[in-house]
Structure formats: C-alpha cells, structure tokens
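Input: a single structure, listed below in structure tokens.
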Amino acid sequence: MVKVAVIGYGYWGPNLARNFNEADGAKLVAISDPKENRLKLAEKRYPSLNVTTNHKEIIKDSNIDAVAIATPLSMHYQIAKEALGAGKHVLVEKPLSSTSEEAQELIELSESSRKVLMVDHTFIYTGAVRKIKEIVEAGELGKVLYFDSMRVNMGLFQPDVNVIWDLAPHDISIMDYILGKKPEALLAAGSAHFRPGFENIAYLTMYYPDNLIAHVNVSWLAPVKVRLTLVGGSRKMIVYDDNEPSEKIKVYDSGVEIIEDKETLYKISVQYRTGDMYAPRLDTTEALKVEAQHFIECIKENRKPVTDGKAGLRTVRILEAAQESIRNDSKLVKL
Amino acid sequence: MVKVAVIGYGYWGPNLARNFNEADGAKLVAISDPKENRLKLAEKRYPSLNVTTNHKEIIKDSNIDAVAIATPLSMHYQIAKEALGAGKHVLVEKPLSSTSEEAQELIELSESSRKVLMVDHTFIYTGAVRKIKEIVEAGELGKVLYFDSMRVNMGLFQPDVNVIWDLAPHDISIMDYILGKKPEALLAAGSAHFRPGFENIAYLTMYYPDNLIAHVNVSWLAPVKVRLTLVGGSRKMIVYDDNEPSEKIKVYDSGVEIIEDKETLYKISVQYRTGDMYAPRLDTTEALKVEAQHFIECIKENRKPVTDGKAGLRTVRILEAAQESIRNDSKLVKL
Amino acid sequence: MVKVAVIGYGYWGPNLARNFNEADGAKLVAISDPKENRLKLAEKRYPSLNVTTNHKEIIKDSNIDAVAIATPLSMHYQIAKEALGAGKHVLVEKPLSSTSEEAQELIELSESSRKVLMVDHTFIYTGAVRKIKEIVEAGELGKVLYFDSMRVNMGLFQPDVNVIWDLAPHDISIMDYILGKKPEALLAAGSAHFRPGFENIAYLTMYYPDNLIAHVNVSWLAPVKVRLTLVGGSRKMIVYDDNEPSEKIKVYDSGVEIIEDKETLYKISVQYRTGDMYAPRLDTTEALKVEAQHFIECIKENRKPVTDGKAGLRTVRILEAAQESIRNDSKLVKL
Amino acid sequence: MVKVAVIGYGYWGPNLARNFNEADGAKLVAISDPKENRLKLAEKRYPSLNVTTNHKEIIKDSNIDAVAIATPLSMHYQIAKEALGAGKHVLVEKPLSSTSEEAQELIELSESSRKVLMVDHTFIYTGAVRKIKEIVEAGELGKVLYFDSMRVNMGLFQPDVNVIWDLAPHDISIMDYILGKKPEALLAAGSAHFRPGFENIAYLTMYYPDNLIAHVNVSWLAPVKVRLTLVGGSRKMIVYDDNEPSEKIKVYDSGVEIIEDKETLYKISVQYRTGDMYAPRLDTTEALKVEAQHFIECIKENRKPVTDGKAGLRTVRILEAAQESIRNDSKLVKL
C-alpha cells in the first residue's frame, strides 16, 4: 500500500486527495496547507487523516511514500526537491516548475534517488486525448498539418502567474503528447490589462519541422468557456471540443489535394474533400483517477510515467520561450 | 430607377444580381462574365436581361448607372477604375483592391467624378454586427479590452489570393466598424501547406492604443465552420457566433475589477464577476439586401456609404501589413 | 419544355416559383394570387411572366402543362380537381386535401386523366431524410422500435387549420416514407389556447404492428424552433436534428439486449450498449429543387412520383384520425 | 449534530453519503447495503464509518437521528415505516412509494411521530428550477399555458419499475413545484419493447384547469440524453435545457395576442411576438448539497421541507394514474 500525502489543499488539492483516497493500492494519509480553514474542510471530509499547516512535517514523515504537490507554482520546485531528497515519489501539479533549470534539476534528482517524478498534465489521462493520440499514431490523419487550440474563460486570475503559465500548459502538454515532436521556433503576443507583466490574454504560434504549425489562444477574459482544439491532417481532421458532454472527439474524413487542372488559369489548384464524420466512444473514467492509478503503478513497478519529468521540462521550455518572445515584441524565439 | 449591372457571375455575383433585381428603386439590366456556362445560368434566371462575356460592353453602355464588381481580386482595381472613369457608381466586392495605392486612387477618382464608391463589406449590414456597433457605441461594454475572431472552414482555396486576403477582410472590416479606430501595430504568422507564398492558415494580432488587442484566426483547412467573435469590455462582453441560427449575439454582464485585498499575499487581486446574459432580437433581413438598398440610396441622395472607399482602404492597409509581417518572420509592423 | 404555373404566391409559392424557374426542362410561365400586392412582388422578380388574380385563367390556358398549388388548404381540392380536369399535371402543397374522400377523388382523377398528381411533402426530398431511408432500408438499425418527432416553434398561426394540419404533415410524411408501413391505431391530445377548435399544441401517438410506436409533438407556441426526430432500432439509432447546419443525421451504434443473468433477482435483465457515432455526409441540394426536378421528370417519363397521391392520402387519413381522437377525449382510433 | 445513516449504497446512495458527510450540522455515521462489494467501496471512502449488510441494525441504533433511503422502490415504504416507527427522520429517494396508500400512511406516521418526512425530489433544489419557480411566481410569464418536458436517454433499465416510475417523477415533481396546482385529468401511452408490462418509452399528457396542458416524454431507449423543458406563458416563455453547462434557463420575451383584423377573412387572428432573450445567472451549488442541508435544517428547526410527504404523494398519485391509463388503452383518468 503506497502511502500518499497531498501538499496544498486549495483549488486542485481536494481533487488529488479524493482520487488518492480511492486509488487501488494507495492510502491517503496526510494533507498539508498553510490555511487553517482549508484544513478544516479536509478534516470534515477525511476525519481519520493527519492534517498540518507545515508541509515539512510531511517531508520528514518516513511513513509517507509519496507526495502530490498542489501549491502555487513558485513553491513547486522547492517542495519537490525536498520530497525527492527525503526519498519520496513526487507528483507535481502543472507546470512542473518556474524555469527549465529547475525542471532539469528535479529530473536529475529523481534519477539519482530512483524515485518517480511525475507531472500532473491531467488532460493526457482523459479518454479524449488518449483517443486522439491513438488516431494520430495509427496514421489516420495522414501527415499532420496543424494543431490549433483555444482555451478561454472568465478568470480565475492567478496572483503569481500570467495566463500563459496558468492555461497554456494544458494545450502544450496535449500538443507534446499527440505530436510527439518538438517545435523549432515560437512567437507569442498578448496583453496585460490589469497588472503590468501579467498577461491575461495570450497567443502562441509554434513552428515544427515539415511545415507543421501550432497555435494556442488562452484568455482569462472571455465571458464563455471555450475548449476547442483542431488537429488537421492531409487525410482526416479532428475536432476536440471538451465542452461537449459526450461527443468530445469528432473525426472528419476531410482533406485536401493538389490537382493539375488544365482549365484553370493557374494550372494547379487545391481541391478539398468533405466526407463522413465519426465520433468514437470514449473512456469516461475521470482523468485524475486514471492518473492517480498510473502514479501508484509507476511507483510499484518502478516505471517511467507517461508524463514524466522530461515531459514537464519540454512544457516549461516552451512556456519560457513564450515569455521571452512576449517580452521582446513577439520576436521569433528559436528552440 | 437606378440601372445596375453585375460584373462577374461566379460564386458571389448571383447574390448581388438577385438583390439588385429586387431592390426598390433599382433595376438589374446586365450581367457579364467571361465564362459562357455562367452566363447561361444568368439567362435562365433572368430571361429579359442583357448578358455578355465582355465587361467593357457594360462599361461603355451609357444606359447603365452603376456596376457591382464580383470578379477575382486582381481585376477589382482595373474594372472599378474604368467604371468610375465612365461615370458610373461602383460597388466592389471585398477587399477593395490588391494594394493601398490602388484603393487610394479609386477613392480620389470617385471624389473627382462625384460618384459613389462602396465596398461590399457584407457583414457590416447584418443585424448582428449593427447591433454590436449599437451596444459598443452606447458604452455598454465599458472600456473595450479585446476583439478576438475565429473564422475557419474547409476551402474554398482561392487561386489568386491567400487566406488572409480571402477571409480576414470580414473580420478586419467588422473590427474597423465596431471599434472605430485604427491599430498602431500588427504581426502575423501562418503556414502555406500547399503552394509556397499562399498561406492557408494565418493568425493576425493587432495592437491599438490603450491596451486594446485584437486577434484574427483564419483558415481554409478546418473540418468545421467556426465563426466566433468575442468582444470584451471592462463591464460587459459580447459573444457573436454567426453559426447560431437565431441567437447570434449574446451580451454577458461579466467584468473584471481590481480589488485591494489585505488577506492575499499580493495586496491587490483581480476579481471577476459573472452575471446574467441577454440575447437581443436581431433584424434578420438579408445583409446583402440592406447593402444593395443602401448603395441605391447613396446614389440617389448623393451620400457617402457606411462602407465607403476609405473603409475599404483601411482594410487593405491592414491586409498589406499582415502580408509584410508574415514575409518577415512575423516582425511587428507599425501602421 | 414543361410549362409550369404557380397558383398561390403567399409564403410558400415564391419558393415553388423560384425552383421551377430554374429547373431543367421546365419553364415558369404564370403566377396567380388573389392579392395584388403579392402579384407586384412576383412581377418585380419575374418581369417576363403572366400574372393574374384569377387562377381560373391559368386553368383554362391550354399552353400551361402543369400547376403547382400553394393556396390555403381549403382550396387545394377544388383547384387540383379543376387542373386535373383541364388535363394539367398537378403538384399540391401539403397536406393534399382536407378529407380523405377528396384525396381519393383526386387520385382517381389523376389516374383517369393519366396526369401526374404529386404532393409537396418537401422533407422527403432532403438529403437528410433520403439518407435515413437508405440506412433503415439497409437494415442497419435492426428492428425499428420507435419514431419520435418534435416540431415546435413560435407561430405562424394559420387562420384556417390547426397545428396538426399545419405541422404534423411533415412528420407523418417522413414517418410514412421511412417506416414504409401504416399505423394500426392512433390517439391524439392537445390544447386550443386562443380559438376553440383550433389546437395550437398537439401530441399524436401511433401504434404500428410489432410493437413499433410513433409519437409526434407539434406546437406553434414554443419560443424556440426544435426539429428533432429520433428513430430507434434494436441495433442502431438515428438522431435527426434539422437545426444542425451540417451534421443533421447522427447514427449511434447503440442498442439493447436481453440478458439472462443469474446474479440478479429478476433472472433476466435488459442491458444497453453505447458505441461510436457517425454522421454521414448529406446531399445539400435544396429539397425543393430536387422535388421540382422530380415532378418534371415524372411528367416527361410518365412516372409515379415518390410522393404521389397515395402518399398524400395516407397522410390525410392520419390527420383525420388525429382530429377524431382529439375531439373525443383522446380515444384510441383504429385505422 | 444530526447523525445520519444512508440505507442503500448502489447508484444514488454514494451521492447522499458524500453530501451528508459534508453538510453543516450533520455527521454521516453509518451505511447499509445488502451487497458486500458495495460496502467495501463505502469503507474505502469512509474508513471511520459503520457499515452493515442489514439495514435493521441502523433502524434500531438509537444513536442515529435520521436515515436517507436509496434502495429499490419496492423497499421504500417498508424501510421508511420502520425508520419513522423507530423515531427517526426520513429522507426517501423519489418516488416516495409504490402506491398512494403507502405514501398517505407514511405522511400520517411522520405527523404522529413528529418526525421529518422528506422526498428526494432532487431537481427542486437546483438553481435552475428554483429560478424558474421565482420567475413564474413573479408573474413574469403571464398566464401559464403549457409545460412540456422531454427526458430521454439510453438505459439504465431498472429491474423493478418501468420508465414512468423511474424518470417521470423528475418532471412531475418539477411541474408540481412550478405550477403549484394539480392536474384534473391524465392520459398516458407507451411501449414495452423488452419485458411485457415494463414500458421503456412513455408519454403522459395532463390537463389542468384553465386550459393549461402538460406533457412528459420519457424514454430509456434514446441514443442521446435530452433534458428539455419548455414552460410557456401568455407573455414570456422559458426554455430549460439541463444539458447546457451554464445557460440552463433562457427566458424569451415571446408571446401571442389575439388581434381583430378587418383585412383577414377570419376577422380575428392570432399574432405572435418574438423579442429578446435573457439567461439569468444561476446558483451552481450542487442540488443534493442544498437538499441535504435543507433536510438537516428542517430537523433542527422542526420545519416542513419543501418536498415533504405531501409533495411525494402528489407525484405518486400522478404516476399511479399514468399506470392506470396505460393499462387501459390510454383512457383519460380523472384525478
């Protein structure tokens, strides 16, 4: 039985706690949060649990095997380092860290301590994203031409990060997972309407080899929630609408072909084709349940998680580049 | 009775012909198109009309008062120039011309000849866009913070222009009309998957004074049609979904405020507020009918149209800048 | 060239006129309507046409081969009879007539005069309904278990018929076409909120052999337009949402099976299965264009139309039975 | 602190347990279910709780103040009777009982024992239904003309009840709450495709005084989930779509008026009017949380719950009448 503690019981921590409480082979044993009122909520829900305002008590408790960190981003690195140093397995909420140096250090620490380091890129564990991965890997789309994602809603304005570090990790981790390759260059634009330096709207454009382009539109200032990702290939295209209650993934038998056409002025023309659509049935298991179980299994079987430290680093690297571009008049940053 | 001829009877020309045929005070008298099979269609529909493969016959027919030009973009300038030169009123399909110099010349020609020059920025005449304009002008949104528009679909790949010149004029003209001011700088990114130099996906970001940001996402390579425009203000926000059959405009009583909060670590925090939504009833008259009628009235009453040559020029200027940015690694172009 | 006249130029007549004006092998030659202002509209649109306030002029014009009747229901029978009597082919707006006796008489008249009698059951000519027919006929649904259709909107309140005779013909004709069999019994309920005897809301339930049930919900008093038809089979089920811009038909690989289960208290249990969904690409040709062309071809080739007089009669028979049931406390009417 | 036990830990019991575990002033102390595997799940989630396969242990435990019953319907009456007899407050899952006699007996028992008897008509505690009630009570709709509800989905086929007893209690309880009056007569139709006597599709039509009509369409055999309720008044109309993530309630400024019109043949005509729509912001608190809290408060303050035994009885009475009608060829049953 893997004994798990949750550090940080704010917005996301309760979800981690609930899922580790019910994961097979795991036992939720402790929760920490600096705020007393959050701990009271935790105690009401889990009367038999240890709660503490000081996460260091969890770090030094040798009875605890693993920690799940759901603190503000600025503390991820420090706490993860302490936990790995104390011989614990670590799951860190996204993004893994504030800098790629920190991410790199955590990866090395997890390797030297032979403990699992996993990033909570939750969407990777949804039925929808796993199905997209399956379709793309099977080559059903043909050559992948673009990835376009819009993730906007009203608030929550984060106090310590901008919208890029808050929302874009979802899109970037999905993109990383599905495309299986790294962008070569990136540019970002955006606007900070309320606090200088803290963008609440941002647009990221990424260039991959072979003319593959990716775009991410994130905002805390949209009156409605939009979660729309398009993945287009030469043969088929996917629309992933996470707002849809059940048909989240639609695969369109639509494509484009170059045609030599003697009648037209231009000799060659681009013809498009639209065909049937299908919506595959998706596994509806809660993503965090799948993820919590995967973390426990990686610990038990000494395996690398799908969203390991390196996936966390790749995401942080892109976030850093976006930050760099946006601070420099959207200049193109090579990766 | 204003006698109108339609030059170009391809995709859009039939819509112009139909609306001028029924406009009060107008009489559709001639149609030209270089393709015989298109003229046969026109004759079947309008048996009493003159049709010709040579648009010059229309230009020199002194019986014709006005022409509506729906040819490929590359011919807009030349034909409009001929028509204005022959003393005719001119309506030109969007965008007005291929360059801002051409647009400027057409404006001057229309002024010297005292004829109406109007651009077919069709969306400006929809009930939806007119309602948005009304709401924004009334100050209901508070300070306008952003304009974000997504206009994607599968094809039609145009042979002589890229997706920026084909689709973005819609968004740029709506933006120009609603915001009533000019952007100071622009950057664009995109990808040409099929023909070098002919982008089929593009992203435009525009910066206005006072921290107002605008973004336009256009694509010919999306498996579904998306027509989604968000206009966000400090007090209220609008969602304009042109795919909705009746509730195209939704006004959200959502906003953001800065709060000094002693409890938080950061002293000030940004709070958001979500409230009721309303969907105003919209005039459902076909936009092109309103537009055709407006053209006729401007001719009769010697008035400037809402979408006059200057509106056409402002749109062309932004398209040019987008083109310039995209050819130079998305560099920021001052306007 | 079949010469066609349209009798009745109110709401629906202009659509018939437009389509016959453009149908191959047809020539629109005359329009009649008792209202002068409607004729003015017709003249503006078709300057070369004969227009008249007296439909009898059309009937006696031996130059006219066929008429399309789009008058109020109460005049369908009389005018169709006159037209068939004068040796013309006849297309009648739905429903064919006010009574089944009238429908029967028109069928006989068309047979004795060897002229085409066709009913304008427009939906039968949509890509959507034709595709459903194809799927059902191919046996893809397994045994058809139910047909459930909701067709509600605000107004138009008809002056001479209730909502059953106005809206339900659509659902009943679709049902008749798709299921290819006749109901054995029917019951109807409803409410007349504004004029006694003129129901503005009605519910029809029909029983077919083999436990197939059909239900139709029609209303003039719904604030939104709903066009939702479900066709459920033992193996697959169809959702037909006519409000959807492109994916009108969705086929669900969902079904139900009886399972003998020793663990349950009840020995047998009903298990359901949900699988993938697909949306076949549909022909998007305007239904009325397909229909007008079909009418012309039936005339030329001396064929029975898909929606012939008998289809019209079957629909009228059900409408009559619904009327009878609703006038008798919803009693079950055998058919 | 009110000590609560949950009897029945199948599909719905876990939701009751979770909410009582977190309700203010309540303490979840015990759970019973005849199935060992269900109890194991309960223990994993609530390690400090008493669990038992025998609900009688809960009944006789004098330490327990209240029970929430989530067993199959056939056991509601017996267990509720035992619990009230043992001096406990009782919350019963909908519907309250299998017969109106049983419901009546439970009401009397709760009155004589002075204990709270509440029915779990969950929807009454949603922000959406409470808002509709508020709008209707304020007279915003004018005279209420109809209530039309569609609640269909695939499965779950219940082993001991038909679809009327399973799904229709939701619509009937909402109707009862919103309209605040009783129907005078009812008729029902339906079909039992898999087990004779166990309808899986059913249609209920209810007549109220003053020409108000209500209709409920329930099915376990629909490939998609539809939750659509229309409430129409003479001045405004409500669309309640429970599938919508946030805008569940839309209020349309649409209505109908009778107009004396000299031009028309019929002297009077019915005109309709469509205006703006608004979607009020709704309280998004989980309904069951509101309900659990209400139960606890009613116990503490000795109050009648909103969904008391009488509301439960009114619902059961309608279900019984529907059953009677459907067994007798849909005859009209007076209530």
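Read from first to last, the chains carry the letters A, B, C and D; within each, the first residue is number 1.
We take it that contacts are C-beta pairs under 8 Å (C-beta built on N, C-alpha and C of every residue); 3 or more make two chains touch, one makes a residue touch a chain.
What you are looking at is a predicted structure, and each value in this text was computed from that prediction instead of being measured.
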Chain pair showing more contacts of the two, B-D and A-B: A-B
Chain whose mean Cα position lies farthest from subunit A: C
Subunit A and subunit D, separation of their C-alpha mean positions in angstrom: 39
Distance from subunit B to subunit A - Cα centre to Cα centre, in angstrom: 38
Centroid distance [mean C-alpha coordinates] between subunit D and subunit B, Å: 51
Residues of subunit C whose C-beta touches two or more other chains: 224, 274, 277
Subunit B contact footprint on subunit C (complex, rising order): 21-22, 44-45, 47-48, 224-225, 243, 245-246
Residues on subunit B engaged by subunit A in the complex (per definition of touch): 145-146, 148, 150, 152, 154-157, 159-160, 187, 189-195, 200-201, 203, 205, 211, 213, 215, 217, 219-224, 226, 228, 230, 232, 237-239, 250, 252, 254, 256, 258, 264-266, 268-272, 274, 277, 329-332
Sites on subunit B touched by subunit D in the complex: 247, 253, 274-281
